[in-house]
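Next come two complexes built around chain A: one with chain B, the other with chain C.
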Partner chain A sequence: MTQPSAGALSTLIEIAENPTGYVTRWKTATGGKAIGAFPMNFPAEIAHAAGVLSVVVQESREPITSGRNLLTEFYCGYTRNLADQAARGRLDVYDGFFLADHCIQLLGAVDVVREEGNRPVYFGQLMASMGDPWTRTAVDGKMLSFREELAEFTGRTIGDADLARSIRLFNENRRLLRSVFDARRAGDATFTSAELQALVKSSMVMDKEEHTALVRRALAEARAARRDGRIRLHLSGHFCHAPRPELLRAIEDCGAIVVDDDLFHGTRYISTDVREDVEPLAALSQWYLDRNVSVPCPTRVQHDVDWDAYLLDSVRASGADGVIVLMAKFCEPHMLYYPELRKALNAAGVPNLLIETEHEGLPLESVRTRVEALLERIRHSQLANA
Partner chain B sequence: MSEHFMGVDLGSTTAKAVIIGADAGMVAWRTVQMGAVSREGMRQAVDGALESAELRRADIGRVIGTGYGRRLVPGVDRTFTEITCHARGVAAACPGVRLVIDIGGQDSKAIAVDRDGFVEDFAMNDRCASGTGRFFEVLARALECEVDELAGLARSGSEDLEVSSMCATFAETEIVSLLAQGAEPPDIAASVHRAVAARTLGLVAQVGKRRPIVMTGGVAKNAAAVHALAEALESELIVPPHPQITGAYGAALLALETYEGAPPRRAADLERAEESAAAAFAPQSSPSCADCEVSDSTARSVVLGLPIPVRRP
Partner chain C sequence: MVADYWENVFTARERGQQVVWYNGSAVNPIFQAAGLEWCHGEAFSARLAAQQLEKPAQLAAEEYGYIGELCSYARTHLGCAVLTQQARSEDQTGVVGLIDQQELASRLPAPDFFVNAYAGCSTGQQWDEISYRVFGKEVPIFNVSLPFLWGNKPDSGYLRGREWDEASQYVARQLHDLIAFVESMTGRPFDWDALREAMTYIKRASELRREAMELCKAAPTPATYWDWIASIAHINFLPATQELVDYFQAVKDEIVKRLESGIPGVQNERYRFYFDGIMNWNKLGWLAKKFAAHDVAMVCGRYTHNAFWQEPHLIDTDDPILGMAQHYLLCPTNHGTKTLKYLTNRDCEEYGVDGIVFHASRTCRAFTNPQHLLAKAAQRELGIPSMFFEGDVADASFYKDEILESRLVAMLETIDLRRSRATA
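Presenting the complex of A and B:
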């Protein structure tokens, strides 16, 4: 499947930049079906067990044109772009679509995908209220319905043994990626944050076994580097879609080094393994519940889990000097939480900066000015406290 | 030890260069309005400042660049953002300042300053020119007058018209439509000034209002804009006589302070620096207090043309 290339990392970056190209090649090579899964919680292991390539549908870089009248301007860039991709036939490579989340903007966009295309779209929202007495039963029911829907979609029975095998492969992939992120937290600087994003993004797109093999090659080919004296930052937020790599590069070019994150295209995606010692479907239910504890998500409600506390703990653990919050413009769940998050960071004396992102582009010079000002502020307080 | 240090602030519409002595006192400065991060404007500002200080480039120990074009300054030793430089310059010029509102040609920022005169927090407009100097250029074009005439026009306006503060381009069509409806230019001008002030309040809210407040940037030379903002903030605003050069001045101070081998300054140096800065910042061509002393008793006071001593390190 993988095209020969200069190096494994370059191949992963290429695939992260052009998911459709990979999916097309995969389908041609295997004759299999591919589904588009919407972020952020679809249990792709079930699709894998059914022999289907499950791909997290990525934001494209194309300007929004035909889809402009399908969703209002006040939807996040990802959902507006999804609607546009659907309207322009850019999602035709997928044979069906699965939704496990319930952000109202995402629902609107997926409804456009259903309207605009002629592929089956399955709406299977997982419960958002995580602490109710009936949550677990509801999640179990939903996992069962995903299995049934995928069985119907493929015409194949999905047995427990198939599912257990898929879970093992996915866990292996997550563990491998987590080891790279853990190394970064501990001072490794082999990969830039844009490269790490490509590792995760390509995992969302590729066949997992193939991805794991390619990442292992990339690790073997990489020249190890240790972190230097740059200001250490934690990147927070940005759900569903990837912040542009040039934004990550600009942040690091300003004299910072990203040492940790809770981005969906980062730590959030790989945070949690599925238990291998219990019945597979029950293990997937537990995985869904555990994910929100590993890295809390503002699209979920859980009274004993707190994103602020998680973020402050992460900052302490990684030794980050400051936090940059990346927020997709009009991302309502994030907007709702942000004031509390900012208050908590300020109260703890953690310098922080908000950068809003938009599908339409990035005012790079203005971003640089704000990032540099944050770094100057951090550097000054470090000197003052030295 | 070099005797002179330079700060160059290459902003979106104006280039500014300030030269200070080893005692932190102002020696010379020059502002040149050339538009869009102009290298030629920067060259003229730098050459002009050197000429009036009777110095050559080789006499300058260290140069710090700031502003959007900071990386374009030739021979620059280091760059700092305009946020850090404005905070530094204003804190030196107006000791005790806690909030700086800087409104330049194409951006505006609110900078919270800590008790030591360094940046504590900041907020800036990012991708829209609303609430900036550009907004006033649009207004002047629509009203067919010079930007300098806007303050006088706004002062004579009495009616409060609704003008969107969201977008500079749409504001222009709104102004044209108000004119078509028979609205008076002074009322339109006054209302646009209030809209800009309201927009700036949003920035201030992001960092938290605190006093004393100093306003800088080209728009601080527009007495009506200062006044509308003081009213909106319900607070006194201090405007240095040369509000456009505080960023370059801060950059020059940082050039001095980051110069290796700079000797500790003595009390006599500091006194000389204070005198020299006070003289340099003494009111000259900035809007006079008379422009601002509006008879309306509800108006907040606006302090213009305060002498500015250099802060003791």
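Presenting the complex of A and C:
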């Protein structure tokens, strides 16, 4: 499935850039089924326990053509691209689709997937209001429904032992990736932010055991490097799909180094392990609830959890000099929460910059100008405080 | 009636009344029974937009940091929250700001608590969470979570299937919890008899509304979609009293009289259209006149005909909670495309529709979600053509009149051509 002759990091980057190629090879090699899972909270451990390859469907780089006639242009780039992928048969590699998140734009895109294809699509809505007395019971019910649906989909029973094994494998993978991100916070600069994104993105695509082995190889092959004196930045936001690697490279080319993030294709995805000391389905419910405490998300509603406070704590912990908020254009939960972030960052004197991204068109020159202006502001501030 | 309602809201504080801000479903009968004043956020944004008074609130929202592509209902309402919060602190400090200029937007009394019961659109629940934060997390909030009726199973459909039954019970249980929360806010036991009485009025008003709508299947239609838009406030959030029943009785009587007298909703009705999408409140009168000028009678629409207590037979006035829960689930943005295709095509057939107009409302993704799929289905299954125009629910800057005009003319020509071929 992987390319044994290539360097491990290169292989991971190649898979991150071409998930469909990997899924095709995996299916050919194993004869197994693959499902497309939509971000951000589908419990893939259950699918793994059923012997299914669960892949977080990624944004493709193709320009949107047929999809324009299926979803309006004021939807986020990811959902418009999903509709386009469905219309052009790019999702045919998947035998079915699962989602757990109630995002109205995502549901629109997934309805296109359902209408344009003939594969089963299951929506097990995990309630987004996290702190109500009935939240846990409702989440438990949905986890059970995922197990039932996947059992029906595969025609096999998913036992607790299967699930416990999958949870262990997923936790191992998350722990390994977290160790790399922890090292970055502590001053390691072995990997660029684009390379770190590839590590996480490939984890969303690959069989977890295989991915863990490959990441271990990549770590062993890597030449260690320490952080230099560049301006330190925290990247925040960008849910569901990955910001383009060239955007990340442009930010670092301007004279900055990314020291932390709360991106979905980053810290957010790997933030939380599933407990291994309780009944597996219950542990997955708890994972869903814990995840929003580990790294708060504006798609969830939880009165005693504050993304703005989390962001300030992260900035202090990593020593970031500033924050770049990456917002997928038209992402409503992010648009709603952004003023709270801005208010908190400004009140704390943390320089910050908002960059909106779209599926098509990345104005790199204008991004560079804006990032350079942010970095200048930070340098001036540092000189003034020296 | 509508003006009286808002005046009542604006003067609630002077009368020592508790005020609840809520969004989404029509949970107001519960507030009425609890003796509260209620303010529906979307309705207030719509009112500002219809009166061309939305800009001060939207500017306040923009200054606060909300981006212009955010739901304009939410943006306007959050701008009101910012202004109300500012007004409150200015009251406390004695500082006089720009309140006079922003009068209407800031006249909303600050809430004593929030209730969110948003179906369909995921933004709805997040919006009130942010309102809660704008008010410094000092105002209590209660969320009713309404499952999306996605239609996972073969038995899933409109008002049927296991998914419908389970969701109905799930929401009904939450409404009981909401009532317990309201009791804790008011410090009074909930008046169940008052709720039964309110729901009796609503059921009767809804029956009259549906009967009157049924009469509008006649050709030419005696009343149009735009007339039903004018009655949305009444059925959606005005107090449930005998006056509400009388209003809809009068509407029905007028429609009967129009039928008997041969008075059409549009002079020289030549085309019958269906309107899909949320209302463009800035352009309500403008759109009504524009279509009428082309002899188009907009006979029905998703927003008017598949919303607002539209299935009164579900309401058991002795035990109204389940029927209320079910109506909250029946929000026209809370269905998967399969059900929406059924509803749209059913209405198009029953009302003898010649074409569909899709309002691609720029910041309302909940309504625009399935529109292209609905257009394809109507064309494929019924041979009905459609057109799209871009506008917005409460932000006039997104409306493009020339595009609407040219597309409308093109669609009318298509229909004329088809008719001439059919008679040739």
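List of remarks:
By definition in this document, the second predicted complex is superposed on the first by the 385 of 386 C-alpha atoms of A that agree within 3 Å, B and C clash if a C-alpha of one lies under 4 Å from a C-alpha of the other, contacts with A are read in each partner's own complex, and residues count from 1 in each chain.
Just so it is clear, a residue touches a chain if its C-beta (ideal position, glycine included) is under 8 Å from a C-beta of that chain, and two chains touch if they have at least 3 such contacts.
Here the structure is a predicted model, which means the values were calculated and not measured.
Superposition note: with chain A as the common reference, chain B and chain C can be accommodated side by side.
When the two structures are aligned on the shared chain, A:Ala373 is found in touch with chain B, with no touch to chain C.
Note on chain A: of its two partners chain C and chain B, the one contacting more of its residues is C. By the document's definition of touching, neither partner reaches A:Arg223: not chain B, not chain C. Contact with chain C, but none with chain B, is seen for A:Met335 once the two complexes are overlaid on the shared chain. In the overlay built on the shared chain, the residue A:Glu365 is in contact with chain B alone; chain C does not reach it.
Residue contacts after overlaying the shared chain place A:Asn69 against chain C, while chain B stays out of touching range. With chain A fitted onto itself, chain B and chain C come no nearer than 6 Å, counting C-alpha atoms only. Against chain B, in their complex, chain A makes its touches with residues 356, 363, 365-366, 369-370, 372-373, 376-377, 380-381, 384.
Residues of chain A touching chain C in their complex: 69-72, 74-75, 102-105, 107-108, 111-112, 114-115, 122-123, 125, 127-129, 132-134, 138, 298-299, 301, 303, 329-330, 332-333, 335-340, 342-343. Residues of chain B that touch chain A in their complex: 68, 79-84, 107, 116, 118-120, 122, 124, 126-127. Of all residues in chain C, those touching chain A in their complex are 64-67, 69-71, 74, 120-123, 125-127, 129-130, 132-133, 137, 141, 143, 145, 147-148, 150, 152, 170, 173-174, 177, 333, 336-337, 360, 362-363, 365-366, 368-373.
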